[in-house]
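The structures come next, written out as structure tokens.
Shared between the two complexes below is chain A, which pairs with chain B and chain C, respectively.
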Partner chain A sequence: MVDNKQQWKAWLYLAPAIVLLLLFTVWPIINTVRMAFLEGYGNLSSLNADKTFEFGIENFEKVVKYKKFTTCLKNTCLLCVLTVPISTLLALVIAVCLNSIKPFSRLLQTIYFLPYVTNSIAIGMVFASMFNIIGGADISKAVSIGIVNNVIEFFGGERIAWISTGSSYSANIAVMVIYIVWNALPFKILILLGGLQSVNKQYYDAAKIDGTSKWRVFWRITVPLLSPMIAYVLITGFIGGFKEYTATVGVFGEKMGPADDPGRLNTMVGFIYKQLEGDHQGLASAASLILFGIILVITLINLKISSKKVQY
Partner chain B sequence: MAKKLAPQQTLNTTMVEKDMKDVVSTEKVMKVIRTICVYLFLGFMALIILFPFYWMINSSLKTLEEYKWQVPSFVPKTIVWGNYKEAFKAGNLAVLFVNTLYVGIVSTVLSLVITVLSAFAFARLEFKGKNALFAALLATMMIPGELFTITNYITVSKLGWTTGDTGTYAVLIIPFLVSVFYIYLLRQNFLQIPNELYLAAKVDGTSDIKYLWKVMIPLSLPTLISITILKMMGAWNSYIWPKLVAKDTAHTLISSGLRNAFTDANNDTNYPVQMAAVALVSLPLFLVFVFLRKYIMKGVSRSGIKG
Partner chain C sequence: MRVKLENLTRIFPNRNKGGDDVVAVNNFTYEIPDGKLVGLLGPSGCGKSTSLYMICGLQKPTSGKIYFGDEDVTDLAPEHRGVGLVFQNYALYPHMTVKQNILFPLQNLKGEDKLDKDTMLERAYEVARLVQIDELMDRKPAELSGGQQQRVAIARALVKMPRVLLLDEPLSNLDARLRLQTREEIKKIQQSTGITTVFVTHDQEEAMSISDSIVVMKLGVVQQTGAPQDVYDNPINLFVAKFLGTPPINVFDGEVKDGALYIGEDKVLATPNVKDQKVYVGIRPEGFIPAEKGALHCSLQNVEVMGRDVSIVSTNKALSSQSANKVIRSIVDADTKIDRNAKEVAFNIKPNKIFLFNKKTEERIIVGK
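Showing the complex of A and B:
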């Protein structure tokens, strides 16, 4: 009796969650796969009763051959490969430094966490204003060259068109890398510092008695003991990196590129939304399944490597 | 022999002692140098982290003309508070703030109710297929949200939710009410509360809801606060979905309203006003951070999700 009552109650309590999940999570999974394999599927054109869509992999072929998509894939991969190692290494160094000091440690921790509680569109606009050149395509005659260029010229360097008309692809990517690393540091520092603080001090004492050098201690003790946390920030970093979109919108606006070459810095997620707005749900679904595949593969590779290397 | 050795031995020991002293003092010097380097590095990085915030405030208080100076001023020469007023008006920020707050509060409250009920069912009640269902829920966390968005956009259009007042708010709120991750987080917390308390309450004839309200919720308040903050920050920072479903400024949220608000038809941007708007959007997040730092950092270190 009691058992039956509990069953009934449990499903009652779970009902709101299950109904919403069926509608907004389970159905989308099924439908996205369906649309991805219906050639040339579009939602508006599907309303037309005469229109039928053939089953096939044309959407995938089209997406992969589409130059806009390969650009997006290249941009996303490039940003991932550059930002994840840089931010992880920098966060590791900062965390180790923070862990070795006492005075001001809490104040510095708070400062380093600040970029986390920001709106990535809003702060992206601030970065844009720091790098932007105002007044003229000819940068030697520009009215205002942005604070970053001011600093470069102060140290005797030459001004660079970072994000404005006529800027180079590598300059654009550099700005994005700086912004994404700045944005990604807080989370990584938080996790790594938490890991460091839970490391058993005995290992370090033993190393001290043996007279092991600091450098050796870092690579032989700190890094191995931290490896679960490092693996964690790497996985979340890569997953987040492949879903990058709003940071680029923040810096470059919805054009996703400098004014003279819109779309140059578009990302995978940006591509999916572009197709969605153009009623190409089939292509969007195919692209999102490809994105899912990439994320899945990275996660599996990471798990495989970390199960071998990670020491608990 | 013994007499001969003795002075040598003392000599040896003093030399060793002297060496030791040297070693200790060089080690001390090295340590001081290392500490100074560490502080210099940390201080430099802190400056880099803080600089954009400083530049945002600095720029937001300048006149447009001063903003465009060849060599920028590090403190505005004439402070223009009017930029903030202008930003509020030009960016339609009042409407965006109210919309975001409304969507944030409603979705947080509803989401908390759903999360608490589900977490309770998973943590305390026995039913067929419990473990399988829980595993299936966790599996959905692997899938990127973009995959859902495509179909959800079609679904809400078919339901006719993309037009009208209530419809647009519903569409901004309902698809994101259930977060598997929050259910997971709260279930873990509920599991730590001894089951005997529940059984005792049952014997006393306390209803589930009363037990939840009087025991479970107070005991897991920190987790609930973390969820609330992350959910509110999520509404504040959500960009893609509002942009898709709420195209008019009257219904859109702050992030998607912000990006293009300050560029006029000639593609001329009033930068100081834009920066003032950016500062206004950032301010609530800072206040939340200052007062609720502990909960945010706790929630973040367990979740790894942004907003």
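Showing the complex of A and C:
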């Protein structure tokens, strides 16, 4: 142990980090909890010295009853449930394929990693332009129908309003899922590929001598040996998924939905931002705590399951 | 199953432009008789592991043929050869229990060979009993000792009843005591199953102790093959003589002149039929007989008592730089009386423990009677 004379030195060295953490992490957390339980709290209105806020759970009640909030919750959960498994499975398949390709493996790895270092709003705008229909509400007379519809029509299909006025909710979600999966792939591929490359090649030699089929090698050897990485990717995927926000902004812009139904694709974090804009810090804090609770529960469940499935 | 290797060659192309290709195995021809245990022996980089991997099919020979019995298996995939391989680090699947590990090869069988669950379990337990791990079937590899993991690896290789069992450095990951025990067990298992077995090792003691015959290799070229004792007693060249035996053979710079062998000034051995020339002289540690009027005079350095026998450490100016040690180590019976305080010790040399080698080619020179 550090003796007493030395202790103040230790604290001194730690001080910058501690001060910053207290100021920008610990205090905001405490303050969030405080604001969440002050009824109708708002930063602007709190400047008024005469105004007092009563302690209570009214913020939570309000948030839960808010129709916009339930929409956001539904969107977030739906996107999470759809994108996390799809992107993880796809990343696993791509990582295994990348790992088995010898020529150009470095180049391919770089290409697959590029989306990770690209601004997600920029990517969202590209996606939006690929799916967007420009030129009038009547879809049949549109000037530009986007590259995806071009492809669909080329193969004899009918153009679909993906994200523009008159688009359906399922079409919106489809675009969101494609965008989020595409955006989430690089990081997952990177992690899984790293895991694959650290797997001892002799396991595969042993399997080869025993005449193991490729399918069995994948499910009985590769996946179990990768299970720690898969669990990591799943858990961080769910956490990130519940905090999804930029995807909606990227594809739909600030309206968070098609022009005729703004807010339709809003997410939990989007809801919190909206409340902050409207000086409803109390509601925003309450929503944050609910989101925190959901992520906590999901993560605990994930850990519980993975401690059984992650085999070594 | 008789295994025949015919002009087996494996060349690894050099990665750097203009560099020479590496010939890992050069023109290896050998026949392993049915049901025998053969040790491939040599220092690292001698091509012994490459040979093993070619026999099991994980590596393709650049040229040459491999036969199992009369069947040419050179172009056969590993899984169709019917071989079991025990890896140096065992390569047990860490996420499976011992039972699952042993069952794994059986579950891969397809078509006619497919077994029902009970037969598989029966076979797994049978082979587990053979290597004495039937009590550990529900453990994971990480919960086993090195020796136990080794046995699981052998069980996994044996369970599908391979035609040939291959072991890559089977004892190198075990501690000294376990190594002794395990090598005996490998021999026992091999004898009770009667499976033709090839194993690779750099440890000559290991190879000598359990092999029916050994193949000594150096830089991809087979130096000598034969029963361990024959190779030890009749090394074909200086390399083989130096590689076999602990403590290693003592090598001197000597000279043959006028029908006798001289080490320094000492006339050690009569050598009729040998031309006058400078030679390397190899003398096995057990080839020295201390005698008051012995032929070879050495300066006594130390006498190490080892209980069963005594090791005399001495020096001689004629000791060659080819010798593994800077001193002469001779092993004599514990009953031999040696004056520890003497400055000099003289030895007579047992004629069957002394070998002459050509100074240039390092080939053996046979001394006529």
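Structural remarks
Heads up, the rule we're going with is that the second predicted complex is superposed on the first by the 306 of 312 C-alpha atoms of A that agree within 3 Å, B and C clash if a C-alpha of one lies under 4 Å from a C-alpha of the other, contacts with A are read in each partner's own complex, and residues count from 1 in each chain.
Note that in this section contacts are C-beta pairs under 8 Å (C-beta built on N, C-alpha and C of every residue); 3 or more make two chains touch, one makes a residue touch a chain.
All values reported here derive from a predicted model rather than from experimental measurement.
Because the two structures share chain A, they can be overlaid on it, and in that overlay chain B and chain C fit beside each other without clashing. Between chain B and chain C, the partner in contact with more residues of chain A is B. Of the two partner chains placed by the overlay, only chain C lies in contact with A:Thr212; chain B stays clear of it. Contact with chain B, but none with chain C, is seen for A:Ser120 once the two complexes are overlaid on the shared chain. Contacts of A:Ser288 after superposition: chain B is touched, whereas chain C is not reached. Angle at the C-alpha centre of chain A formed with the centres of chain B and chain C, after superposition on chain A: 60°, rounded to the nearest 10.
After overlaying the two complexes on the shared chain, residue contacts for A:Thr32 are found with chain B alone; chain C is out of touch.
In the superposed model, A:Leu276 makes contact with chain B only, not with chain C.
Annotation: superposed on chain A, chain B and chain C show a minimal Cα-Cα gap of 6 Å.
Chain A residues in contact with chain B (one complex) as well as with chain C (other complex) do not exist. The residues of chain C lying in touch with chain A in their complex are 56-58, 77-80, 83-85, 87, 89, 91, 93-96, 104-105, 107-110, 140, 142, 156, 160.
Within the complex formed with chain B, the residues of chain A that make contact are 3, 6-7, 9-11, 13-14, 16-17, 20-21, 23-29, 31-32, 35, 43, 90, 93-94, 97-98, 100-101, 104, 108, 110-123, 125-127, 129-130, 134-135, 143-145, 147, 150, 182, 185, 187, 190-191, 194, 214, 232, 236, 239-240, 242-243, 245-246, 249-250, 253-254, 269, 272-273, 276-277, 281, 284-285, 288-289, 291-292, 295-296, 299. The part of chain B that touches chain A in the complex is made up of residues 34-35, 38-39, 41-42, 45-46, 48-50, 52-53, 55-56, 59, 67-72, 113-115, 117-118, 120-121, 125-128, 130, 133, 137, 140, 142-155, 157, 174-175, 177-178, 180, 183, 208, 233, 236-237, 239-240, 244, 254-256, 258-260, 271, 274-275, 278, 281-282, 285-286, 288-289, 293, 296-297, 300-301, 304, 306. Here chain A touches chain C in the complex through residues 200, 202-203, 205-206, 208-213, 216, 220-221, 224-225, 227, 311-312, going by the rule given at the top.
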